[in-house]
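Several structures are given next for inspection.
Shared chain: chain A. Partners: chain B in the first complex, chain C in the second.
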Partner chain A sequence: MSTTSTRPKAPTRASRATARHVDRSYPLWFYVPGGLVYLILFIVPTIMSFYFAFTRWTLFKATFIGFDNFVLFFNEPGLIGSLRNTLVYGVLTSVSKVVLGMLLAVVLSSPLIARGYLRSVTFFPVLVSSVGVGLTFQVLLDPFHGPVNAVWSAITGADGPRWLTDPKLALYSVVGIDVWKGVGLATLIYIAGIAAIPNEYFEAARVDGASSWQIFRNVILPLSFPATSTVIILSLIGGLRSFDLIWSTTQGGPGFASDVIASVIYKQYQAGFYGLSTAGNVVLFLVVTAIVYPLSRWLNSREAVL
Partner chain B sequence: MNTMRRSSRWLAGLSGIIITTVLFLVPFAFVFTMAAKDENEASMLQFSWPTHFQLWDNVVAVFQARDYMLVIAFINSTILTVASVTLLVILGAMIGFVLDRRVSKLNPLINTLVLAGLIIPPAVVPTIWVMQSTGLFKTLPGLILVEVAFGLAFTVLTMRAFIATIPKEIDEAAIVDGAGPLRLFFQVIFPLLRSVIITIVVVQSIFVFNDFQNPLYFLPGDANATVQLTLFNYMSQQRTSYNLLFTNILVITVPMLIMYIFFQRQIVAGMTSGAVKG
Partner chain C sequence: MTLNRRSHLALMAGIAAGALALSACSAGSLGSSSSSGSAGSVTITMLVDNGDATVKTANGIAEAYNATNSGVTLKIETRAQGTDGDNAVKTKLATGDMSDLFAYNSGSLMQALDPGKNLVPLTSEPYMGNVSASFKTAVTSGSEQYGVPLGQATGGGILYNKKVFAQLGLSVPKTWADFMANNAKIKAAGIDPVIQTYGDTWTSQLFVLADYYNVQASQSDWATQYTANKAKYVDQPAIKGFQRLEDVFKAGYLNKDFASAKNAQGLQALVKGTGAQYPMLTFTVSAYVSMSATAKDDIGFFAQPGDDASKNGLTAWTPGGIYIPTTTKGAKLDAAKKFLAWFATPAGCDAQTKAVTPTGPYMIKGCTLPSSLPVAVTDMQKYFDAGNVAPALEFVSAIKGPNLEKITVEVGSGITSAADGAKRYDEDVKKQAQQLGLPGW
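The block that comes next holds the complex of A and B.
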């Protein structure tokens, strides 16, 4: 369908005229307004972070101190723990969203009663702000009076777990809340992915007498791969950078039990350690890029094979 | 066999409805009932229907609290959302347009920058440093520009993909008719972008309106707080009146739910782009 007017390949007068019309009709200055905002408020700070991370910094005066900030970051248990928590948080939310999103999407793609209702209901939490979700769950999961533990006690007879205040549990509780909030988006992406699979595949499978499981395993799973890679990348980027939800549920606590890099950046900023905070930012940058970039390359190459 | 299959399907549907309702709708119902209770009843944190239904009183109280702080916050959040999304759409479309139509040596560089913008977490304190030296720190215009900078990569990507589907013959016809670049873009191309613009407006509005991290860093202070900041501060200051806390949550969630009802299709289209390729 690409019927762009047949342009001669040799540099004739006509092609030079076309080049001029391209120059004139699609001027490069269209890049300038957006590019300027992006350059000043995103690129410059990103580049400068690689300098300020090596300084003791008061915003007015920066003293170069070499790797001290990073040495501190990797030796302080509270700080290095945040690196581990970030990885746990990113991987767990991403994997859960892939599995649950896929499962829900398969169910919601089959002819069900009240399908539209179910699709809307699972998507609602995506529209609520993380702060709203965080505060709501703080109350829902209240260890002594919250409705969740009221149900827990009624069933088991014992006291419920201290979801957000037990150091062993806090991070996983926040992961659970994050999955609750985000699984609707993953489901939606999978529903679109499954809907894009040509019907012939399902018909052929049915003619061959494939069971529902075989259809899922051999048709839906491989052919919705683009959806899977979108969900993985999106939720990994979101999960590794996550701040809003953690800050509005546990604020990284109890102690440092649920601190992630993003919350450490904020705490150090609040405490006035701007250099250390920026070092945290650089660590986060390296973690996200080192995981997401090769992973997306790999997923794309797999997609091309399919 | 057939009836068994049908009844099992019916059963699956029913259990699906029950499970998803409990999991996803009960928290919303909890917010709603809490928002309608009086202070004493709400403090028991029970999931029950309020004995005195006083939702409206609570809504009024929440808006009046601390000298109409929430009203100011709503105004700020609205300005922030409308301004940053408008800028995003126009600037993003201009970049996407030239990026698609004109192959230049800049293209690989710009593609890299777009990819970087999708992946890289913003460097917080250096951004504050830049904003302070340009006088943008702690100002609403500053926060607007920050939201534009952070949302631009996604917008350019979406715009470019859509503009690639608009035939170049349309441009050429306009150029032959003597349209300059500004008229070509704003009068010929821009109106054709309607559907993708709606998608971007809806998706970015949800992001910006619900954003907590960027206002927290770049627009601190009570004077020009956004709704999310007000809600968070409310929680840390008044732990006692749970009914008003939940009224606050309800009040700032409703705009997005209304948006969803009106723009369901566009939200779905915007959020699933990328899932379907080829």
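The block that comes next holds the complex of A and C.
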């Protein structure tokens, strides 16, 4: 309402005008309920967790021990392996979702028979809970009694791979399940991104005699970049802090072969090392921020250039 | 219009704040749902885990107690099992929200509850005289005793199929060399000599944990040295347990689906005779007995063999206990103690026997077991009768590393060597010791 009247005013007066505008229609205390929830449920626990990360905490008492938890956490024998696994997991799932999501979106944006149905089918796994997916795949991928290896044996005549129990294979099997479950969301974002490209570009390209590949390479790919950056950021964050799927399929095993930072932290918590696991959470928070923040800034600047 | 909008917003904010206060209120009142029974009688609650056998036992106890005692009514509440249950118990104690009585493991897990602060000491209660000495050790922290035994002792060793043994003319091995010789013959007959089930990771620990009788037989002060950070798993004699695990894997004696099979599948294979021996705890007896009509008599049990046949004995798991938290006060505390006085007698044992078939001896003096028990239970009872029993390490030392089951999976499936696994477990144990604030770490 009053926004329209402030717009034509000189830029020097704009800030004061905005301030007055905020003052008039949005009293600050209106934010109190929301702010209170945010403060109590997010800010206070976050600050407390930074404190407890420096203590040996049994829930009954907390002893301040300085940086010992962090030293212990980084000395954790499985930590280097789990850091590597976290990065492998995050990057692999993210890249696969970008590539497969883009391809599926291009296919599902073209005039197909039963397009709506196929779109729903692609999106469906996103709606299922990760734990349900994990338990289902545990049954499907059982090396001796599961249907996947039954088919494998029927075709090749030999025993199939031990998908979730071979230490070399377990992490990649979970990556595959994660991609199956998450690619629907990436596809959805890409379909929206492709639909947002103005039709003129396609018409112009066709008039110039561009092939389908050229249209994909020079129109769809660059102009759906905002969708790509969204998918990268979302899936990378999801991959780096992924826990539920790994826990419900392999529990970080066999041994420690598919442990990621989140599962290491959870095991510390399970064992009752509350201070240590809180320190691990602080580390995870910093790692995710250190990777995602610059990446997000860079992708945003790329978008701005476009 | 502005004014109008403003008051509208204020109203909305008010409603939101009110809703918040309301929801906070109802959440709070959920926690304290202590309903007092009929006038003159006190109702006390007991928290147990939601395992099938535990719930049946607890309900049997409550029924028997409520039928024969007036003035106090016992009610059962349940919680999750495993590590989720551990955290539930710790959280309830830390927030003062614990039931009037609760059942929980004895030994190292009980030590992690900070008993001096959270539990009511029972040392001077007269009925503690009925409790066996080895159980008292497992519920002692500092100079006080805190619990009364619930359930029976469990043996850790090897369940074996007697039909397979009879068919191949094998006898129960007293040394590891005999055990491996048996395995070679069983394998030659086309049967899996040793069943392992790493789909349930906890089952992988047996070779290490059940070897403790042999450890303490060759070095009697090992547990004390271990608690004081002086004895290690990388050294003899304790490293043997890890080597046993490595031995059977390297010799190819495991069932081929060892990496994915679950405990129930392992028991199934044992009952069917496709596998001959299964390192296990005897509490699983009730699970396999229901798998076939003859399983009760087909499956026997022997202790994990060591190097010396003359020092053959059983590693036993002490049952969990019933504890009173310090938040139980006044009439409820009196009622809780009154219940324990009844429970720590043969009447309490009989109530448990009636509810669930026992899988081992009771830890309360004067309690007897019924006849016609499964063969594995009577096999185990022989070690108790002969006095060749040592409590498992977790009941004589407060330290048990949380990652043991992952490490034993690694060693048992050839991902790492016994030496590396033992070294890794020594590291793992350090955290637990520091968390408990033990001296010397």
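Methods note: the second predicted complex is superposed on the first by the 283 of 306 C-alpha atoms of A that agree within 3 Å, B and C clash if a C-alpha of one lies under 4 Å from a C-alpha of the other, contacts with A are read in each partner's own complex, and residues count from 1 in each chain.
To be clear about the criterion, contacts are C-beta pairs under 8 Å (C-beta built on N, C-alpha and C of every residue); 3 or more make two chains touch, one makes a residue touch a chain.
These numbers were taken from a predicted model, which means no experiment stands behind them.
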item	value
Chain B versus chain C as contact partner of A:Leu59, first or second or both or neither	both
A:Val292 touches, of chain B and chain C: first, second, both or neither?	first
Which superposed partner A:Pro33 touches (first chain B, second chain C, both, neither)	both
Partner chain(s) touched by A:Gly193 [first = chain B, second = chain C, both, neither]	first
Contacts of A:Asp142 with chain B and chain C, given as first, second, both or neither	both
Touched partner set for A:Val260, first chain B, second chain C, both or neither	neither
Dominant contact partner of chain A by residue count, chain C or chain B	B
Contacts of A:Val98 with chain B and chain C, given as first, second, both or neither	neither
Contacts of A:Val175 with chain B and chain C, given as first, second, both or neither	neither
First, second, both or neither for A:Val219, with chain B first and chain C second	neither
Set intersection of chain A contacts, chain C complex versus chain B complex	24-27, 30, 33-34, 37, 59, 142, 145, 269
Residues of chain B defined as touching chain A within the complex	9-10, 12-14, 16-17, 20-21, 23-25, 27-28, 30-31, 34, 44-47, 87, 91-92, 94-95, 97-99, 101-102, 104, 106, 110, 113, 116-132, 134, 145-146, 148-150, 152-153, 156, 168-169, 171-172, 175, 180-181, 184-185, 206, 209-213, 216-217, 228, 231-232, 235, 242, 245-246, 249, 252-253, 256-257, 259-260, 264, 268, 271-272, 274-278
Of chain A, residues touching chain B in the complex	3-5, 21-28, 30-31, 33-35, 37-38, 40-46, 48-49, 52, 57, 59, 107, 110-114, 117-118, 120-132, 135-137, 139-140, 142, 145-147, 150, 180, 184-185, 188-193, 196, 226-227, 230-231, 237, 240-241, 243-244, 247-248, 262, 265-266, 269, 274, 277-278, 281-282, 284-285, 288-289, 292-293, 303
Chain A residues touching chain C - in the complex, by the definition given at the top	24-27, 29-30, 32-34, 36-37, 56, 58-61, 63, 72, 75, 77, 142-145, 162, 164-167, 251-257, 267-273, 276
For the chain C and chain A complex, residues of the former touching the latter	2, 5-6, 9-10, 13, 16-17, 20, 83-84, 86-87, 90-91, 93-94, 112, 114, 117-118, 198, 201, 256-257, 259-260, 402-403, 406-407, 409-410, 413, 415-416, 424, 427, 431-432, 434-435, 437
